[in-house]
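First up is the structure itself, then whatever we jot down about it.
Going in written order, the chains are labelled A, B, C, D and E, and every chain counts its residues from 1.
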C-alpha cells in the first residue's frame, strides 16, 4: 500500500473487519497487550499522540486525567470504533466495550436484553444467569429496561460484559449512578474477571477499591499544532 | 369538586399551570420550604409515600438511598414534571431542575446554549457571563456542545442553573463525569448559591464536600401493597 | 344517589353483570325480528329487486358506526373532566365495535353497490366521509395500543377524540363540497326516507333499534373485558415491579 | 418565545439545510409522480392541483418528528416545561418554527414546480394563495400530533396515522381552490373555508398540544 | 443473526402495532389521493398503478428512520459493531426485519385497497406480484439510506431525499408491470428488470450499508 500523502495511515473505511491493521497484535491471555505510539482522533481533531503502554493479563489499568483529556477517545479507539491515525494496538476482536449508553432496549426485559447480547456474542443461558447473579439482577429480571432507575440500568448494562465472554473489558466511567453496594459488587465482579486471566481498562474519576495500574492520559495530549488533520494546510495559505 | 370515587386526587392533566395545588406553598427566601405527606409516582407505580421534610433557605439537602430508592422520582415531582398523587409541596415555579439529560443542543455552542436558557428564564447576558465564569467554561464557550467530552457537557449543563436565576435547585446526580477540579468548582458555586439565600436538593451517591442535611429516601418507600394505582383492584378479584 | 355512582368500578361490574343478559336478549330479539321481517316478509323493490334486502344490515350498521363515535366523545369528556376510569375504558371498548360496524356498512354497501351502481366503490361524499370516519377509528385504536401507561393513554386518546370529532365533522362537509364541485351527475346514493315506502321502513326501524341494543350489549361486554384487561395489566406490572 | 423561535430556526439551518430539505422533497415528489403515472400531460394536468397539495402535505409530515422528539431526548422539553413560559406558547412557537422552515418555503416554491405537472398557468396565483393560507393549519395540526406521540420512540408512522386524517379538510379545500382557479370558476367559498380552518387551528390547537405534552412529560 | 431479527420483530410488536401501521398509512394515502385529485374514475383509474406504488414507497420511507437510529441512540449500534457478527450481516438482518414489518404486509394488502382507486381487477395479480418482487429492494435501499444518515439527529427528511432517487427504477418498473397488466400487455420485461434490481440490491447493498455504518460510528 503506497504511503498516503497526508500521513493518514489508518484503516481504510471500507474494510469490513474493524481492524485489519498490518501490525495488529493478537495476544493470548496472560500475555501483555501492547499499545504503542497510538495516535487517536475524535471527530476531526487529533486528541492523543504517542500513547504507549502494556497491559498484563489479570491486571486492570485505570485511565486518569481531567475532563476532556481523551479517556473516552482512547477507549473508543481500542474498542475498534474509531480507527487510530497511527500506531499499534491489540486486535479489538477480543474486547468488550461499555460506554455511557448501555445498549438496553427499553421495551425488553432485563433478561431478554441479556439473552439477546448472549446470542449475538455466541454465549448461552449459563452466562446470562451468571451475569444476573453477578450484578444481583434477579429481582429485576422481568422488569422492562424502561422501568429501571439510573443505577439499575447501569447495573444491567455492566452485566452485559459478563455475557460477551470476552477477556479485555474497556469501561468508560462504569460506576456512574451506582450506589455503594453496587460499586462493591462491580469491584467483586471485576476481581473475578481479572483472577480468571482477563484484563480491563477503565476510565474513572473515583476510587473503585481494586488494585490497578494507573495511566495519566493527559501526558499524551496532542500538541497544539497537531490537533487537526488538515490535508490542504500547505496547498492553500 | 366532589371526592373522586377512585381515590385519585392528583392534578388534573389539563391544568396549564403545572401545579395549581390547593395547598401549594409558595415560600419566600430564607423561610422554610415544607414538603408534607407527599406521595410520588413514577410511570404507573407509586414509589414514595408520606415524604415530609422542611428545607431552610441557605441550606442544601442531600437525598440518600440505594439505587431505585426514588430520589429521581422525588426530584421530578418537586420540579413539577410529575404531579404528586397527594400531599403538599412548594410551588415548582421557583425551582430549577437539572437531571441526567443536560438540555444542551449539540449544534449550538456553549455560549449560545446558555444565552438561550437565559432568554427563556428572563435573565440576561450578565447571568450568562457569571455562569461561564462559575464553571470555568471560558475556553469552551465557542465549542459546539457536540464537541464536548462527557464532563465538559455536564459542566455546561450545570452552568444553566446559574442562568435560570431561580432559588431552589433540584439536582439529580450533578457530579456524574466531573473530575476532581470540576467537583470542587461545583461545590464552590453551590456554596455561593446557598450563601445568597438559595436552597438546593441534591441526589448523589458520593460526597460533595458541602455541609448539608441528609434525607434517606428509602425510609419513605411505598408499602408493597400500595405500589400501584389500580382503580379496579376491588372490582375484579 | 348520584348517577356518577354507577361509574364506581365495583358498582359498574355488579350492575353490568345483571344488565348484560337483558340487553343482549333484547338485542337478539329485535335484530332477529327486524331481519326476518325485512329479509323474508317484505316485497321486492321494483327497481332494486332482491338486493334491497341488504338495507336491513347496511343502514343499521352505518347508524351505529356513526353514533358509536359520539358515545366515545361523551365518554372521553367524562374521563377528562371527572376522571372516571370506567368511562375511559368504555370509550376504549366502543372503538373496535365502531370500527367493525363501519367495516360492515362499507362491505354491505360495496356488495350492494355492485348491482346498483355497477361498481363496488364510488367516491360519493357520504361514502367518503364514512371511510374517513373509519380512519379516525383506526388512529384512535392505534394510539391506545401504542401507549403503555394506561392513564396517560386514556388522557391522550381522549384529547385525540375531541380534536378528531371536530375534524371528522369538517371532513364530512369537505367531502360534500368536494364532490359537488366536480359537477358529477346526481348523487348515486338513495336519499332519505321519502324514497322508502312504509313496507320497508317499519322493519328497518326495528333492526336499527336491534343494532343499537346490540351495540349497547357489546359495549357493556367489552367494557367489562377492558376492565379485566386493565386489572391484568396492573397485576402483571405489580409482579414485575415486586 | 422569540428566543425559542430563533433557536429552532438556527437549529434547522445548522442541522443542514433546514429550509431547503422540504423543497427538495417536494421537487422529488413532483418528479416521481410523472414517472409513476406516465408522462402524458393529459393525464397529469387534471391531477396536478391535488398532487401538489399532497406533496406539500407529505413534506410537512416528514418533518414533524423533529418538532418535539429531539427536545424530549436531550432534556430540553423537561426544562421548557419548568420554565416560566406557558406550555401553549411553546406549542405555538414550535408550530410557527415548523411553518417557517417547511410550509412557507413550500408555498413559495410550488409555482415553479407546478410546471413539471403541467398545471395551467392561470391557476398559479391560486396555488400560491391556497398554500400560504393552508400550510399553517398543517403545521399546527402536525405539532399537535407530534405532542401526542412524543413519549413513543420513533413513532413517525403512528404520527402520520394520527395526523393525516386531520389534514383532510385542509387538503380538500386547498386542492379545490386550485382546481377551481385552474377552471376559472369562483374560488371564494373554498378559500374562506380554508382560512377558517387555519384560523381555528392556530387559535385553539396549542391548548390541546400543551395538554398532550403535559401528559407525556409525566 | 436470527437473534437480531427476532429482537427487531419483537420490538416492532411491543412498540405498538409494528405490522399494521404501514398498512393503515397505505389505506390513508389511497383515500387522500382521490380527495386531492377528484373523485372521477376516469381520472383515477389510469393513475392507480402509479399511485399504489407511490403509496408503498412512502409507507416504506416513513418507517426507515426506525432501522438504525434507535440502536445508535441507546448504544446498541456501537456494541453490534464490536460484536462478532459481520456488519454486512447486521445490515441484511435489519433490512429483512424492515421488509417483514412493512413491505410484506403492504404487498398483501394492496389488493383490497386498489379497489378504492378503480384499478382494473385484471391488474390485481400483477400488482401483488410486482409488490412482492419490488418491496425488498425498497427495504434494502432504505436500510442503506438509514445507514448513511445515522449520525445525523432526526434526519428523516434528508433520508428521504437520499433514498427517493434510489427508488426510482423500482418505482418505474413496478408501476409499469401493473400498468401493462391492467392493459393486458406482456409484462415479462419489466418484471424481469424488477426482479434483477431486487436481487442486485439484496446481494450487494449490505456491503455499502456496512461501510456507511462504520464511517458513522467513527
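Definition applied: a residue touches a chain if its C-beta (ideal position, glycine included) is under 8 Å from a C-beta of that chain, and two chains touch if they have at least 3 such contacts.
The shown structure was predicted, so the numbers you read here are calculated from the model rather than taken from an experiment.
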item	value
Mutual neighbours - chains that touch chain A and chain E alike	C
Maximum inter-chain contact count - chain pair	D-E
Chain separated most widely from chain A, comparing mean CA positions	C
Between chain D and chain E, centroid-to-centroid distance (C-alpha), Å	24
Centroid distance [mean C-alpha coordinates] between chain E and chain C, Å	34
Mean-CA-position distance for chain D and chain A (Å)	44
Where chain A touches two or more other chains at once, by residue number	100, 106, 146-147
Junction residues of chain C - those touching two or more other chains	132, 135, 138-139, 142, 146-147, 149, 155, 174-175, 178, 241-242
Contacts with two or more other chains, residues of chain E listed in rising order	15-17, 21, 24, 28, 31, 35, 38, 73, 153
Chain-to-chain touches, reported pairwise for every pair that qualifies	A-B, A-C, A-E, B-C, B-D, C-D, C-E, D-E
Chain E-touching residues of chain A, taken from the complex the two chains share	13-16, 18, 79-83, 92-93, 95-97, 99-108, 112, 116-117, 119-122, 160, 164
Contact set on chain A toward chain C in their complex	109, 139, 142-144, 146-147
Contacting residues of chain C [partner chain B, same complex]	4-5, 7-10, 12-13, 80, 82-85, 149-151, 155, 227-228, 230-231, 234, 237-238, 241-242
Of all residues in chain B, those that touch chain A in their complex	43, 45, 65-69, 72, 100, 146-152, 155, 173, 176-182, 205-206
Chain C to chain E touching residues, read off their complex	110, 119-124, 128, 131-132, 135, 138-139, 142, 145-147, 174-175, 178-179, 182, 184
